[in-house]
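Note that the chains are named A, B, C, D, E and F in the order they appear, and that numbering of residues resets to 1 at the start of each chain.
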Amino acid sequence: MKLVSAILRPHQLDDVREVLLETGVSGVTVTEVKGFGRQKGHTEMYRGAEYQVDFLPKIKLEIVVAASELSSVIEAITKTANTGKVGDGKIFVSTVEKVIRIRTGETDQDAL
Amino acid sequence: MKLVSAILRPHQLDDVREVLLETGVSGVTVTEVKGFGRQKGHTEMYRGAEYQVDFLPKIKLEIVVAASELSSVIEAITKTANTGKVGDGKIFVSTVEKVIRIRTGETDQDAL
Amino acid sequence: MKLVSAILRPHQLDDVREVLLETGVSGVTVTEVKGFGRQKGHTEMYRGAEYQVDFLPKIKLEIVVAASELSSVIEAITKTANTGKVGDGKIFVSTVEKVIRIRTGETDQDAL
Amino acid sequence: MKKILILLTLMPMSVFAEGLDGANTSWVLTSTALVLFMTLPGLALFYGGLVRSKNILSVLIQCFAIAGISSILWLVVGYSIAFADGNVYFGSLSKFMLLGVLEGSLRGDIPESLFMLFQMTFAIITPALIIGGFAERMKFSAVLLFSTFWLIMVYAPITHWVWGGGWLQEMGLLDFAGGTVVHITAGVGALVAAMVVGPRKGFGERPMPPHNMTMVITGAGMLWVGWFGFNGGSALAANGDAAMAMLVTHISAATAAMVWMFYEWIKFGKPTALGAVTGMVAGLGTITPASGFVSPAGALVIGIIAGLVCFNMVIIIKQKLKIDDSLDVFPVHGVGGILGTLMTGIFASNELGLFSGQGLAKGMTVASQVGVQFIGIVATFVYTAVVTYVILKVVEMIIGLRVSSEEEQQGLDISSHEEIGYNL
Amino acid sequence: MKKILILLTLMPMSVFAEGLDGANTSWVLTSTALVLFMTLPGLALFYGGLVRSKNILSVLIQCFAIAGISSILWLVVGYSIAFADGNVYFGSLSKFMLLGVLEGSLRGDIPESLFMLFQMTFAIITPALIIGGFAERMKFSAVLLFSTFWLIMVYAPITHWVWGGGWLQEMGLLDFAGGTVVHITAGVGALVAAMVVGPRKGFGERPMPPHNMTMVITGAGMLWVGWFGFNGGSALAANGDAAMAMLVTHISAATAAMVWMFYEWIKFGKPTALGAVTGMVAGLGTITPASGFVSPAGALVIGIIAGLVCFNMVIIIKQKLKIDDSLDVFPVHGVGGILGTLMTGIFASNELGLFSGQGLAKGMTVASQVGVQFIGIVATFVYTAVVTYVILKVVEMIIGLRVSSEEEQQGLDISSHEEIGYNL
Amino acid sequence: MKKILILLTLMPMSVFAEGLDGANTSWVLTSTALVLFMTLPGLALFYGGLVRSKNILSVLIQCFAIAGISSILWLVVGYSIAFADGNVYFGSLSKFMLLGVLEGSLRGDIPESLFMLFQMTFAIITPALIIGGFAERMKFSAVLLFSTFWLIMVYAPITHWVWGGGWLQEMGLLDFAGGTVVHITAGVGALVAAMVVGPRKGFGERPMPPHNMTMVITGAGMLWVGWFGFNGGSALAANGDAAMAMLVTHISAATAAMVWMFYEWIKFGKPTALGAVTGMVAGLGTITPASGFVSPAGALVIGIIAGLVCFNMVIIIKQKLKIDDSLDVFPVHGVGGILGTLMTGIFASNELGLFSGQGLAKGMTVASQVGVQFIGIVATFVYTAVVTYVILKVVEMIIGLRVSSEEEQQGLDISSHEEIGYNL
């Protein structure tokens, strides 16, 4: 099984979630993160003291899927979250060796 | 070494932490996340505008352990966090290649 | 490619970010986490009810880099974040199989 | 009898001190502080909590900036337009910069500087109420320009009509503390602004829940308290008139809050805090024109009607008509003001038994009074709508009304003010 | 001398205006706003900050809903039960719906409508205080039903006993602003409710720290300020009596806050903000019955004792007796009210040198006065405890008291109100 | 004419009631509540929002503890030093513990207990203002000890000089509500403290943005409202003097807020909410000494100058001189107080046409008045600076001034108070 970690713009959460649902994904875990990359941040100013904020609010989606579904999930995300502007984010894929559903003790594919 | 990522109900943090301590785990990193899965969310209503909130508050525990301790850690979590109701969460296991303790520079098993 | 996950003290974020930039890292994702380990927590007291808070505020940096840059990144973090006191944190390294830049569809090295 | 009592109350002071009544002055000084408190921080918090986190400071700075600008305008020309002698449509510029108003000048038995300041706090809150209509998307410069024109061209003249010796006052319109002057003008202004500026990006598609309900409720509590100064202070005296105005204000607020909450409970299954406080504001807005004229029993009825009608209007405007009057200014304030102004014509009558009020305007019957009230409503509504529309179009031509789509996405706090609300 | 001064102060108005005193009216109008401010948003924030994030709105809506319902009840029957003529235990229904109370009606030298409204703000805060006892677990419907019964069956009658011409007043009980009427009744009500409803899930096992200490402290500041109206306004006049009441109120609050803070510092090693403000509330509650009767030096002693005793009572109730009076209503308000009522019997005496007060009730010695105070305390305590218990049992039978265990786990905001506090 | 009016106003009461004026008493009672409200929760929130999240409670507890301690000190000796008869530099201890001040005692035509309490609220806010200078790093015990000494050795004597019959008052210094007494002393105290205590760890290297701007703005709104009591109440009467003082206060606040906001907009490209409210506070501080003496048009000019000058001073002190006066107390309050005291000497003159005020001190010309104002400023500045410095050095010797570097890193909330602000 694969873990798909996608760093996205916060306001795209709802759209991406919907597309993922359609793709057959049954679960997603979301974390609020701050990202730093090519996209430039903004300045803030407090009583004349101006400073640069480089970290931008992003969300991280973590989705564990069967290897067979990997490409469709990646495609779904890529398509939906692409605005063509710097800062759209990345997808990282890695291997998950084992999955357990706590409630039932089911493992791996059954646990997804 | 293995990374155990467990998505759990927030209020079970304290109980699980205690059990893990007993199992010999020396460190845990916790993230507040929002989860979407089989467990249904709730509705909110503001001035007559009702809407569905699908993401539920969850916590993610990350624990890096020696491969040999993997099964006891999984067992400890599964036992403690199991309420039998939908939404108890999942455990994901993957491989960690290297661990470094920043303070001492120790690596791998010694760094845990 | 490798995923470097570093658990650090929150106030070291800015310093570490700068050093990473110098090392040539082009992006970082940061999560606020709470950590439990050897470093002891603090007590809080509300109307005479004292209790122990074991989880300390930490930050998690996630950096995906080419395998070739792994050691320089690790070194950069270790050097900067080391205060010699318990609680400096850990670095965990694992393998990332695939990286995709959502904006362009570029993959792997090109996507970093 | 009442008349005589009042006369007698005023007597000793007028005999000894050429008219200044210390007690009345004391109460109006206090009321002025209370009405300022309604806007800052009251309304600012009430509104601020309702928007999304990324726009919170834009609401707060708009409230402050409107307070600042309206105060200066009021000093320079506003008060003069509203309250200096003139014709029945417009005051004059004879009190430009408060010329001739000295420390010793009186208006009735309180200092004129105080009367002017008390009225200034009304001139602050009225345009501030409007920002609820276009929140989260309007350019800051446009907000300021719009508010400037609006204060001078809408608020000040209508104040003159109703309280400054104008044609509606002459006709016998009963508006104790601003059902027409404040609430209808603000509600209609917000409605027109919402329509001209257009809905927020994603309106109707995506939920936009309040970012901080505790802030909303804190602001609501402050509004309730401050409203004692708004309505009670409008008696311009510390007497039974003020006391009764405060009592009926309180009763209407409490009743409308409970009606809204129970209505919601029945209709949607759950009573909400936001519902209770929204009902409260509706009850307060609705009783405002009536507050010096009706009895507690009348206030109870007014509160019930305020809760029922405004509740439904919120849903009609936003969900049926799909107008993004973002913080529901029209259905709560505008509709409340209309209802209250109408019902004043009924419950002011002293021939309703338990529901009797303090009496209609001189020579009026309930029918004729309601007629006058109706004219007042229509005139205020139409004039406000037309002039607000024209002002918005002019401002649009000069500097544009909306921020860009990216700025709206990013949030006004960062894009327009380079600040963020929270670093918790 | 003092008597004559007061008489003289009242004279000019009574000569000219058949009794209405504008200055006193002005101050009581203001005080009314201040006391409402204590509950909304003061107490709401003070309590709201202390609960967990998932229950914040439940506390806020309970405060608002109690304000709404109590106001209506007070208008319909409460005021009449408390203040209309009747026997020594109960008023009558002769002022049902404020019948016969017109704009010109006076009570003393202020409008009766104002007196009634001022008292209404007391009738709001007292049941609102009780919610601290059962916070985070009680059904909303049960809260409303309980508060309704409680206001009519506990609060209104006891008010009659102490201030409405009842038996305790006749006996000479000194309770200036509500040590018995407000604080003992609320404290005992909360204690009984906490015991009947039972502890929160996890109480004693898991920490339940305040979710927003800044909110707690904001509310505390508002309580301090509002209390000037509570105690100062209870003079029903703008004179030395009001001024002295405010001064001693302030001294007691400041002293108890500091005593609590230093005590904590010595005993637990750190001074806390929560400790300081809790001490402040204890000091305010304790001085309340005494405020019109004691001197600043007396207030200093009262403040010290309030800080020391209430501090220990909090620990005894919660940690020793394991009663989940969640927000410590009994140890702070109940115990404060008891202490203050007792000490009034001492420090009101004008024979204590520097510590002398304004004098005991007519014909009393310290011993006899303390005796009367003691009877007042016991009567209030026992009556409140018994009737509160009965009401709770009745409510339990009708609709049940607690939410389900899952709802409690999920938090009342979502489960009972479908709202959440923060979307930061 | 004005004089006669005032005299006549006072007459009826003095004839009938041996001096107590109920109306004036009512207004000063109210003002007292308003000024306490400025500190708690006003200033506490204004300051608290500006610091980082980890130090929020340290600011709030410091405000509360200073309120507590100052109140007790004021009762015990402070009031006596400031207002009891003595020489021109120092009162006496004859009113130790308010000895001899009874419920019936008057000061002018209001109760002396009220005058003392009103002044107490000033004695609370002044040391509380100073904490902005050393926020986020000073030991709590040192804060308390410093504030104690400072109140007795700086605040009380200077109050005596200016308002208690001291040498500056005799010289004809015009300071209506505390430009020297409150704002210069607080500003200079904070500046010296910031320099002696040293900058926060990381000052100048790392940004330290406000952790909660909504809290800052809420506090600012409360300050504005409360300031009506501060300046309006300083008339000690409910008359045209109070009304005009409130009006000019409002105008200056509004103007300075807008000037600051537009200045920032022009200079840095964006108008900020923090800028607007900081300008507002500068405008309030600056008008304070002038408030009873100037006209609305004068207030407009004062507001403009306050905005322009204080804006630049903030940048000079922090960015040029690198002094970590953390919350900008000196550039806002200190500089505002200096400016206002000077300009009072000009705009009080009644020979400036539209800009005329109520008149200079007896026998003064603008030149001589400005001279006196200047002496007042210099004396206050130098005395405060020297004594503050000495006190800090003494406190440093006894218990040290700063927390350890680790404690500062961890935040004062946990390290000094074992509490945290938020558990959202």
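Just a few scattered comments:
In the analysis below, a contact is a pair of C-beta atoms (placed from the backbone, for glycine too) under 8 Å apart; a residue touches a chain by one contact, two chains touch by 3 or more.
Small disclaimer: the values here were computed from a predicted structure and weren't measured.
Shared contact partners of chain A and chain C are B, F. Here C-F and C-E are compared, and the pair linked by more C-beta contacts is C-E. When the CA atoms of chain B are superposed on chain C, the rotation angle comes to 120 degrees, reported as a multiple of 5. By residue number, over half of the touching pairs seen at B-D are also found at C-E, the match among C-E, B-E or C-F. Rounded to whole angstrom units, the spacing between the C-alpha centres of chain D and chain F is 33.
Note: centroid distance chain A to chain E, computed from Cα atoms, is 52 Å. A separation of 18 Å divides the Cα centre of chain A from that of chain B. The set of chain C residues touching two or more other chains comprises 31, 44-46, 50, 94-95. Taken residue by residue, chain F touches two or more other chains at 12, 21-23, 26-27, 30, 209-210, 212, 238, 270, 272, 274, 418-422, 424, whereas all remaining positions touch fewer.
Here, these are the chain pairs in contact: A-B, A-C, A-D, A-F, B-C, B-D, B-E, C-E, C-F, D-E, D-F, E-F.
For chain F in complex with chain D, the touching residues are 1-2, 5, 8-9, 11-12, 21-24, 26-27, 30, 34, 52-53, 209-214, 217-218, 220-222, 224-225, 228-229, 232, 237-244, 246-247, 250-251, 254-255, 257-258, 261, 269-274, 276-277, 280, 295-297, 300, 354, 358, 421-422, 424.
Contacts from chain B toward chain A in the complex involve residues 2, 6-8, 31-38, 54-55, 58, 60, 74, 77-78, 81-95. Across the complex, chain A meets chain B through its residues 3, 17, 26-31, 64, 94-103, 105, 111. Every residue of chain F that touches chain A in the complex is listed here, in rising order: 207, 209-210, 264, 268, 270, 272, 274-275, 278, 311, 314-315, 318-319, 328.
Interface residues of chain D, counted against chain A in their complex, comprise 206, 409-410, 414, 418-420.
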